[in-house]
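Here the structure comes first, spelled out in structure tokens, and everything after it is commentary.
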Amino acid sequence: MNSIILTLVGMFVVFCALQLIILCIAIYSRLVRGKAKNNNNQNISVKPDNVEKQVSKNNNFSPADDINPELLAVITAAVAAYMRNSNTAYMVKSIKRVGHTTPIWNVAGRNEYIFSRF
Amino acid sequence: MNSIILTLVGMFVVFCALQLIILCIAIYSRLVRGKAKNNNNQNISVKPDNVEKQVSKNNNFSPADDINPELLAVITAAVAAYMRNSNTAYMVKSIKRVGHTTPIWNVAGRNEYIFSRF
Amino acid sequence: MNSIILTLVGMFVVFCALQLIILCIAIYSRLVRGKAKNNNNQNISVKPDNVEKQVSKNNNFSPADDINPELLAVITAAVAAYMRNSNTAYMVKSIKRVGHTTPIWNVAGRNEYIFSRF
Amino acid sequence: MWDDFINAIKTLAAESGFANITLLHLILIAIALFFLYLAIAKKYEPLLLVPISFGMLLANLPLGGLMHPELWDVQPLDFGAILHHGGLLDLLYLGVKLGIYPPLIFLGIGAMTDFGPLIANPKSLLLGAAAQFGIFGTYIAAMATGIFTPQQAGSIAIIGGADGPTAIWLTSKLAPELLGPIALAAYSYMALVPIIQPPIMKALTTKKEREVVMKQLRPVSKLEKILFPVVVCTLVILILPSSAPLIGMFMLGNLFRESGVVGRLNDTAQNALINIVTIFLGLTVGSTASADKLSQPGFGLQALLIIGLGLAAFCIGTAAGVLFGKLMYLFSGGKVNPLIGSAGVSAVPMAARVSQKVGQEANPQNFLLMHAMGPNVAGVIGSAIAAGVLLSVLG
Amino acid sequence: MWDDFINAIKTLAAESGFANITLLHLILIAIALFFLYLAIAKKYEPLLLVPISFGMLLANLPLGGLMHPELWDVQPLDFGAILHHGGLLDLLYLGVKLGIYPPLIFLGIGAMTDFGPLIANPKSLLLGAAAQFGIFGTYIAAMATGIFTPQQAGSIAIIGGADGPTAIWLTSKLAPELLGPIALAAYSYMALVPIIQPPIMKALTTKKEREVVMKQLRPVSKLEKILFPVVVCTLVILILPSSAPLIGMFMLGNLFRESGVVGRLNDTAQNALINIVTIFLGLTVGSTASADKLSQPGFGLQALLIIGLGLAAFCIGTAAGVLFGKLMYLFSGGKVNPLIGSAGVSAVPMAARVSQKVGQEANPQNFLLMHAMGPNVAGVIGSAIAAGVLLSVLG
Amino acid sequence: MWDDFINAIKTLAAESGFANITLLHLILIAIALFFLYLAIAKKYEPLLLVPISFGMLLANLPLGGLMHPELWDVQPLDFGAILHHGGLLDLLYLGVKLGIYPPLIFLGIGAMTDFGPLIANPKSLLLGAAAQFGIFGTYIAAMATGIFTPQQAGSIAIIGGADGPTAIWLTSKLAPELLGPIALAAYSYMALVPIIQPPIMKALTTKKEREVVMKQLRPVSKLEKILFPVVVCTLVILILPSSAPLIGMFMLGNLFRESGVVGRLNDTAQNALINIVTIFLGLTVGSTASADKLSQPGFGLQALLIIGLGLAAFCIGTAAGVLFGKLMYLFSGGKVNPLIGSAGVSAVPMAARVSQKVGQEANPQNFLLMHAMGPNVAGVIGSAIAAGVLLSVLG
């Protein structure tokens, strides 16, 4: 096959496939969210299911807020405990997440995982 | 082979095999426990071996007692530290083990494992 | 091949190979350390690179110093929290590393690993 | 040039799944999605049913080429052809067909199993034996239908073992053509144990029997726990050599656990290794339920019968366990609660929890869980032996 | 006896690597060490480049016998010969050649991928499509050089997918003789994305466009995330069955992640399994770049052209993404920042971070990261589809 | 019907292990249980001896069908027959026979090894060389018995390397028929190092020599540690290509560790991967010591000689190391403690601890551990080279 034809065919297929996915996502997202909205209207009391949804709405990815003073203190203490015997003074000036930002769901999952090991 | 014969043969073999296992367990258990009793009578001082046996006798699987107030406080603090930035008030009202109850031996093993990583 | 010849050949090859490695290590070690010394003279301010080198010089493997009172207290508390429901009084009299001594670099790596999971 | 483009698109379209999908594909995709739903939303044994149903989904998207059933219908197998023409799932399926995955899963399960309650009360092994009547009773029923070969009947019967890896191991040897439906039925009914068992248990016992509080189990020493896997493995394999792969690896896993000196291996056996094998096993077992394979006439009827017979197997096993429990109740002078008999079907730890729950309904002070764990793990040994008998006689 | 000793030493010396090393070996060792340096000192995609370059080093120490290129030049492959005469890396290379490793890596990547931003803004899939022009544009260029077969050109073009496992998977099927250089080029350019992309992005956009702050993404429910892998996998495989191994395993991994009921499998897929496979894949892919294999005439020119064409592929893909982003900027009335288009080349998550960085340079209040993650992960799907097209047409 | 039942039981009984067990089976089962006891109760290298002795147990329960020695006696191997007729352990044994497991174990060991003390004091490499005289001295002794082929003698001699994977790797290539006894001897004597070595060390040294306090090792920079695996791997493989699988993977593992940029791979190499391979290797190596295989005449004598020669190998190696240590003591003007020479036999980290302990007995202020780690890890490199020589000359 001519290389230009192959290019046209390839880009056509890629666009068609991804356009089809867009369609499907749009459709099922509408269904899912419509249903969720109905549920919210009907049930005011906070059921486990709804809690999940609310938490997921708080999923606002603000890395700066993620680490609060308490946690900072805990981490600092831990570092200090480990590092004491190297004759250097440390001060934790900034704690950065390594790797990608963690959505709240991951945190929840991690906590469940940690507690399941107790 | 006729299916009823197969059933009789099958059940016969299963019962014989498991009955034989029962016998063997009964025999070696008696031996082991007899020996252990002798040891207990002879040595009053608590050797490592005996400590193990005593701990295993405390193996009473009372999940309700397993998590005491101190641990609860630690866990609550940890949850609070993680969850601070979601604008919700939390109170740890109950902590449930996820999965099956953990015998004390597992706990001991786990602790050894944790400390071996320090 | 005669077994004595094989022995001579074998020991000759082993010694030659390891002697060659000794040579190479000696050469590249001198290069590396010479370069490091130059760097130290030029830059007095502590850059990340230099911090690494300094830490690695503290790599003095003194297991006794490795666990300081604070850490001991933390571990004791953790043990107590776990063990409370077994009717025995515990006192952490000594904490021993299990397995081989950990160089400071491993500790640094482990800490980075732990924090990367936050 | 426009014509070339149109022709190329037409060729691709003709080779697409949309152009080649059949009604049977659609039905099987729907079934796969249904089981995926059960696994995720209803938490029906998700560790196996998620990979199995996803494998079934992948195998029924036409022309994906992941699985080639025709490569596996040859007798003897042509391994060269499998390597040359096999897709990803064909290659991973080698681990099922060569009998590697189920024993490795048993290694991990052994490492997770605590035989303490069984050692403390060895008689509960008999309950694990009695419940195997679910297997052999179902074998009689399957043969009575007249449409299954003895090998197929044996594979269907092993669903009553309530033990997934054993069922997959035996079926892959006796009747691989039924592997998909049998695995799906086995894991689904295992998930349904809390619904299937209680009515049978209540129908066969009096309230007085259900209220029996059993005396606390004696503590079991470390040495007894270490000896157990070695003794059981030696005995069972000497009695029934064909059970060696399952029992041998099961007991090795348990020895890893109890010996206390190989923590690394114990950890890997019950985590990385079993998880990797579970993914491969589930995917490939599910992919055997493909339209290409199942289009032979009469398969629909067979599948329906498997569903019915599998349910019967669980019911018979539960009933046999409870009835034997009643016997022990009589002979022990009322010291054994017959409810722990139903746990003998395996389905660890679900069936033991069901015993606990039904017991507590009758008497809130009744804690049967630990007592039911004995028959429960005994059931695993029992079904492995039963599978060995079926393989010896029918294989 | 002294003579015997001398003779034995002479024999060993004649069989040593020092006696058999050639200039090409030395050049390739130097290249391997150079890539090792990049991987360790410069942190260029070290997870793959450390094993790849070490494999290349091992394969170019003469007579090590770890890899025998002559075993892999036979058509069809003689698996018996490979088992009888293959070295360690030959045997591990079976996993590449049989197409097992790349899908397993996709399983792990799927388990690490969060499609939330893509579901929240599905239109970003189009940016992931547009960037695939980098692949097909490079195909045209490679064919235009006249020294590559269509299969080789397709393998070189897939470097533009900026997705290592996809490139290795396709190349191992179309042009395995180029596997080493293509893998090295793919991973190196992926590491160079922060250097390659910004000038192109700035050249093609106005400051006003780069300053566009996009509105916060809507939250995505758990159910939407669970449905995504099932729907996408079904659709894409129905459209293009040849993409099944990559897309199927990618989406299975993502289902492990999002279903939330198979935490064990999810954990293993994104840790032990993917790491083991990465080690084996890297080592063996690197070892294909051995002097024994590459001594055919003209290979040096081919390698140089691959370096050039690979760079072109990244540039074209970036440009196409940004230009399509400008289109979306126009049609959306200025709501879409065209900078997120460049993330469509994949290179997850590097390309998305580049979009974020260039955006923030133009407007410090501009946080594009999450918006760029959409096209970024869409690019992975897009290149898997493109690879499927190339395999269907050229394979 | 009763007759049918009786006949069926009789058939099963005739096929049972009880009916087919021989005295040799019983002896080997007893030996397996003895080693299991040593592994668990005495903690003799349990990570390997638990799987090895359990594999030996399984292989000697008659008719289990896990291992078929007759499949492995064919030259060349018939891989088709192994796949068609092999049991679980036959299939896993492929990884030993094809030389895959030992290098992967070396990968993990490399990831766990700190070469810092060796780099700080490179001369200790010579002690690791001297101790290899244990290998070659034992080769002379084994040949002198007159009942071993040169290949068998080489395999027995490698016990003196005090390095399990190296011994298994070489034996599986030179004399697979002795794999079981050699592996058992190697790991048992490694566990016995604290008993075997001290008398020899004390007999060959004066108290003054043992009291020598060595000066603190210089700190080693990260860069030196990173360069070490690359340089050593290149040099050794160029000198002796046949050592490539062991040295190559050993140094790759160490590079994973020291490079600091592939933490994931490092973690998996020293955990999941090495543990999985250890389970498979141990089980299958143990299962080669089956009665079916060992019933050939004269095997008992061979096994007894292996026990004796293995012990000799450890003693010779220890003595050679200590004597070379005395040489270094002389040439260094008393700065080197000859006790660190015994650590050159490998047996990491046991032999180094023995040096420390014997040194501290002579002088409580004497901390030799770190100084002994140098020869200790050098011994691993040394035996891998010795294994390469044996393979080149005898293979």
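Per-chain numbering from 1; labels A, B, C, D, E and F assigned in written order.
Note that in this section contacts are C-beta pairs under 8 Å (C-beta built on N, C-alpha and C of every residue); 3 or more make two chains touch, one makes a residue touch a chain.
Note that the structure is predicted; figures quoted are calculated from it, not measured.
Student: Please indicate which chain is farthest from chain A, where distance is taken between mean Cα coordinates of the chains.
Tutor: Chain centre farthest from chain A's centre: F.
Student: Tell me which has more C-beta contacts between its two chains, C-E or E-F.
Tutor: E-F
Student: Could you work out which chain's C-alpha centre is the most distant one from the centre of chain C?
Tutor: D
Student: Chain A to chain F: how many Å between their CA centres?
Tutor: The answer is 47 Å.
Student: At what distance in angstrom does the C-alpha mean of chain B lie from that of chain A?
Tutor: Using C-alpha averages as centres, the distance is 36 Å.
Student: Calculate how many whole Å lie between the centre of chain B and the centre of chain D, each centre taken as the average of the chain's C-alpha atoms.
Tutor: Computed value for the inter-centroid distance: 25 Å.
Student: Send over the residues of chain A in touch with two or more other chains.
Tutor: Where chain A meets two or more other chains at a single residue, that happens at 1, 4, 6, 9, 13.
Student: Of all residues in chain E, which are in touch with two or more distinct other chains?
Tutor: 8, 12, 80, 239-240, 260, 271-272, 389, 393
Student: Contact residues on chain C for chain F in the complex?
Tutor: Residue list for chain C touching chain F: 1, 3-4, 6-7, 9-11, 13-22, 24-26, 28-29, 32-33, 36, 52-53, 56-57, 59, 61, 100-101, 103, 105, 109, 113.
Student: What residues of chain D sit close enough to touch chain A in their complex?
Tutor: 1, 4-5, 8-9, 12
Student: Under the touch definition given earlier, write down the residues of chain A that touch chain D in their complex.
Tutor: The touching residues are 1-2, 4-6, 8-9, 12-13.
Student: Which residues of chain F touch chain E once you look at their complex with the stated criterion?
Tutor: Counting only chain F, the residues touching chain E are 76-77, 79-80, 98-100, 103, 107, 226, 230, 233-234, 237-242, 244-245, 248-249, 252, 255-256, 259-262, 264-265, 267-269, 271-273, 389, 392-393.
Student: Name, in rising order, each residue of chain D that touches chain B in their complex.
Tutor: Interface residues on chain D, with respect to chain B: 114, 116, 119, 122-123, 125-126, 128-129, 132-133, 135-137, 139-140, 143-144, 150, 153, 216, 219-224, 227-228, 231-232, 235-236, 239-240, 260, 263, 349, 369-370, 378, 381-382, 385-386, 389-390, 393.
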